[in-house]
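Heads up, there are several structures right after this.
Each of the two complexes below includes subunit A, the first together with subunit B, the second together with subunit C.
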Partner chain A sequence: MRQSILQSDVDARGLVIDPRTKLLLLITMAVFVLGSVGIAQLSFINPVLCLIPFCLLLLSRRIKVAVVSLLIYALIYLVTMLVMPHTTGLINFLLLGTSVVVMRLLPGILTGMYVLSSTTVSEFTAAMQRMHITEKLTIPLSVMFRFFPTVADEFSSINDAMLMRGVSFGGGNVGKMLEYRLVPLMTCSVKIGEELSAAALTRGLGGSVRRTNVCRIGFHLADAVVITLCAAPYAGLLLSRCGVL
Partner chain B sequence: MIEIKNVSFSYSNSKAVSLSDVSLHIQKGEAVLLCGESGCGKTTVTRLINGLIPHYYEGEMFGSVRVGELDVSKAELYETARVVGSVFQNPRSQFFCVDTTSEIAFGCENMGLPEDEIGQRIARAAEEMDVIALLRRSIFKLSGGEKQRVACASVSALQPEVLVLDEPTSNLDMAAIEKLWEVLLLWKKQGKTIIIAEHRLHWLMDICDRVVYMSRGKVETDCSMREFILKGDNRLTEMGLRPLYLKNFAHMNGSRKEHGGSIFLSDFFFCYKQAKTPALDIRQLELPKGKIVAIIGYNGSGKSTFARCLCGLEKRCRGILNEAGKEKKAKQRLKCCYMVMQDVNHQLFTESVLDEVLLSMKEPDEAAAVKILDSLNLLPMKELHPMSLSGGQKQRVAIASAVASCKEVIVFDEPTSGLDLRHMKEVSENLKQLSEQGKSLFIITHDLELIFECCTHILHLENGKVIGNYPLDFEGCKRLKLSFGSTVETDFIDVRKKANFTFNCRLQRANKT
Partner chain C sequence: MNNKLNAKDLINVGIFTAVYFVLVFAVAMLGVIPIFMPLLCVIVPIIGGVPFMLFLTKVKKFGMILIMSILMGILMLLTGMGYYAIIVGLVSGLIAEFVYKGGGYKSASKAVLTSGLFSIWIIGNYIPLFTNIEGYFATRQSFGQEYIDALTGLMPAWMCPVLLVAAFISGIIGGLFGRALLKKHFAKAGIV
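The block that comes next holds the complex of A and B.
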């Protein structure tokens, strides 16, 4: 069987951390790395934060993805530090652009990939329930966990079909190429979404009774480490606002 | 147990009437087979019983549906879910969770059952459905048959009184069907009421005691299985149904062409990432050119991998195809091979049928495109959007674009899964027509009828290796039937034996209580 990067695999998962920790990590990454809210005195913390997703991917046995993206990140980081100060004009501009995009987006994307690929639907719903979040929000979000891997699967089939027809991005109209991919993707996704909901409804989803959950989640040592690392930039921000730093 | 009274229904997005004045009364413990051509309304009946109509699929509905004490058309879906369990056609899209154990627990969790009871129910359902080995696995790694059994277990864990199955075998091989047969037998022994809509009839002879034949939204015949069997296969063919006995298939390929040369394959070896054993391992293989070759084997035997490597879609496969002295690597094969996928929605991109064909041509030539469309009876639809067509028409559009791109080798991935007799014959006609144009066709299929209808050669795979490669002559037919397992050779006496056994079991249970 083919397996895409987004499909969570319960057989060989390696390190397991609580979905709530993952959520905190995701938010922290978005605020401090993507949004770069941090303060100048604490600029060393960003690279540390960026290392977390690489470590987590390594620990959950997605070694190839982790190593390749770490190399890309390191390369761009070095270029930004060493080469960029010596360039001017257009080259400087291009380098700046790529470095900003890669350094800000890549860690966030990797975290997202890690969260999607390592969380099962029942872990996620269990976590949401513990946080007392309404089912009206939990159900659509948990469908998303199931939906993305399926869409990724569909997309690879469509790509195969395009290859066989000799239609590719190489020549011709880019807009058309996008359209040819998106039209079948949309129709398939709608169809699968519809069938998924029908199946879930006939198994009693959306009832008035309170759902139970057999999935056991909880905080362990690994969670403590990640949470501490995530808390650091918030603490720094708070302290600087109070005027301590 | 189930009381459907004068129900008429039409889906809100179509003008046609799906059901008109259907009445059915089903006793507790009965097993009912719903059959009929595609679009006759059997799926609609199953949706009436599990409440998806009118709660999920909207439309205009008259009449009433009761299951036990419950008025299904008024009750909420989660109330119906306690009484009626449903298994659907597509194993890919009926799982809510991504791992098997939570999927089996899913229904029970929705009912709010206590945790330890859910644990017990999972264990019991897994035991009954023989899926213990599959617990705690990722559903993306299961075969179609395994998925369907997990779906059954997940329904079984809810312990419903009524079970509704909508074409559960359309993606399954013979071995998986026999497993499903055992599941149904068990449910029957437990006294559950079973309603099953199905095209393939042969495996249900000794499960169902009653047959409801539908046509154009009406119940045409409602009789016992015994009476139904006595009608004979000829009458069934007239009714547009698939035969009851696979044994009776006769080989009927009169127009066998002369030997038209061979294609040689060498070093077709492929191993998926992280897999320990290769999915495909073929050193040397000689296949006839310009024939219709059926690729058979169980789910997971490497058929799809073989097809993907043959078409050049797997770049890591270093196999070489040698045709009349010309060697073709994966990249060149991609230019001369075409695959009609099982889900044709993946390969239709454009806004009209005509554009679809023009896109495939190296130099768009409208006159030639029209000619191709005409040969596949698609001319009246040439301005329509491909997505608005029916399944069979979409498949023909995909074939048309294969023809337009002048590909020599065309691979079909299960072209007849879930098709009724008439549509299966249509597909087989199209295949024969392509073969007459000199194309080499490869067909991955579990459909014995289709093979007898049009194929001329068999390639049998198991664990990625070729275990049979023979022409479909008299000897070949015998061998083919053997490889399709016991279900083919069972005749009525065996069936009666099985039925007797079932009956005895039921009697014993009745005595106990």
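The block that comes next holds the complex of A and C.
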């Protein structure tokens, strides 16, 4: 299987930050960039937040992804600022759609990519254990994190197979498109699930005793920087609610 | 039989939530086009019905549907849809759980009903559109006035109960669709 961007490669990663910091970053990005909860006086904070995933991707040696996406982001930003005010109608709508998707979603997606690609399941479990989150949520969550890349991988393989059989928009079997993709995906997911359960059993997951974990997680300087940056918009929001800003 | 959730159950929850979420996420990308925004309420439950019905065949203990519902809420929070889906998911997941439990975790008609009830979580994503539409768009100026106008026109207050019913009914349709697929494919392959 080829190495995908979503899978963590433990040997070749640069800066390591704590999974809990990553979680905070993910939530902050979701609330302030994707959800755009923000206030006018602090509008400068969003671009700063958007830069975090690029920096982190660079620091964790995913240089190609970081540079390419930064270029895309800059390009769309320029188009939105310079070209869009001069267009109307359909072109404006298309440009708008692209710019919304890219400007709002790209930083979030990159953060997600960074978190998934730089966190091992063990580290994630260790962090969850430290936060005293119940196993009933931790196990499904860690399976999910492990499983997203698999779903994407399987789906693209199924897609290739179905293209070959002509089950696609151009192939004349449009009615079967949904069924012929969903069913194989479900089937292999169930199979993978059974294998994962067996693997988890051998590792003592779900046992009655407390599991130990070799991962060393903890907060360092880099965590402090990221946490401070993440705390800023919350503080701003709080201050504005209190009427200070 | 042991009624506590073990690792195998929890792993099943994780896997099906992942598949469900990927499908929902792929479909929800259509929401960039205004007319698809209310339609998502119909499309998502129908597509999601397939993995959900297969998931229900694995559910034999109390709590699995509820956990999946909460996880979907958490994922919605992480993908920037706000926290309402967690609250709605908590309630609808619990109701769905009790209904399926009422059928002894194997009744087929109750399973279809459960699929409908579970699908109600999606309403959580629309709540900010009704309770605070100015606030919703004040933070979404980047979408442009045309998008805002189109969406405001599509979402008058009476749409809220309509969407609720729509989600429920399409959840049931999705459940029936999923069950038909189950019969056709998965039973034959020995997966159910």
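Here is the rule we use: the second predicted complex is superposed on the first by the 212 of 245 C-alpha atoms of A that agree within 3 Å, B and C clash if a C-alpha of one lies under 4 Å from a C-alpha of the other, contacts with A are read in each partner's own complex, and residues count from 1 in each chain.
By definition in this document, a contact is a pair of C-beta atoms (placed from the backbone, for glycine too) under 8 Å apart; a residue touches a chain by one contact, two chains touch by 3 or more.
The model shown is predicted, which means the values in this text are computed figures rather than measured ones.
Contact with subunit C, but none with subunit B, is seen for A:189 once the two complexes are overlaid on the shared chain. Once chain A of one complex is fitted onto chain A of the other, the partner contacts of A:141 are limited to subunit C, with no touch recorded for subunit B.
When the two structures are aligned on the shared chain, A:16 is found in touch with neither subunit B nor subunit C.
Once chain A of one complex is fitted onto chain A of the other, the partner contacts of A:205 extend to both subunit B and subunit C. When the two structures are aligned on the shared chain, A:26 is found in touch with subunit C, with no touch to subunit B.
Of the two partner chains, subunit B is the only one touched by A:215; subunit C is not. In the superposition on chain A, A:108 contacts subunit C only, with no contact to subunit B. Looking at the shared chain after the overlay, A:164 reaches subunit B, while subunit C stays out of its contact range. Residue contacts after overlaying the shared chain place A:122 against subunit B, while subunit C stays out of touching range.
Shared interface residues of subunit A (contacting subunit B in one complex, subunit C in the other): 142-143, 179, 183, 187, 192, 196-197, 200-201, 205-206.
Contact residues of subunit B toward subunit A in the complex are 50-52, 55-56, 76-82, 84-86, 88, 90, 92-99, 101-102, 105-115, 118-119, 122, 136-138, 140-141, 154-155, 158, 272-274, 308, 311, 313, 334-335, 337-339, 341, 343, 345-350, 359-360, 387, 401, 405. Residues of subunit C touching subunit A in their complex: 5-8, 10-19, 21-23, 29, 32-33, 47, 50-51, 54, 63, 67-68, 70-71, 74, 77-82, 139-140, 142-144, 146-147, 181, 185-186, 189, 191.
Those residues of subunit A that touch subunit C in the shared complex are 26-27, 29-31, 33-38, 92-93, 96-97, 99-101, 103-104, 108, 112, 135-137, 139-144, 147-148, 151-152, 155, 178-179, 182-183, 185-187, 189-190, 192-193, 196-197, 200-201, 205-206.
By the touch criterion stated above, subunit A contacts subunit B in their complex at residues 1-3, 7-11, 120-122, 142-143, 145-146, 149-150, 153-154, 157-158, 160-167, 179-181, 183-184, 187-188, 191-192, 195-215.
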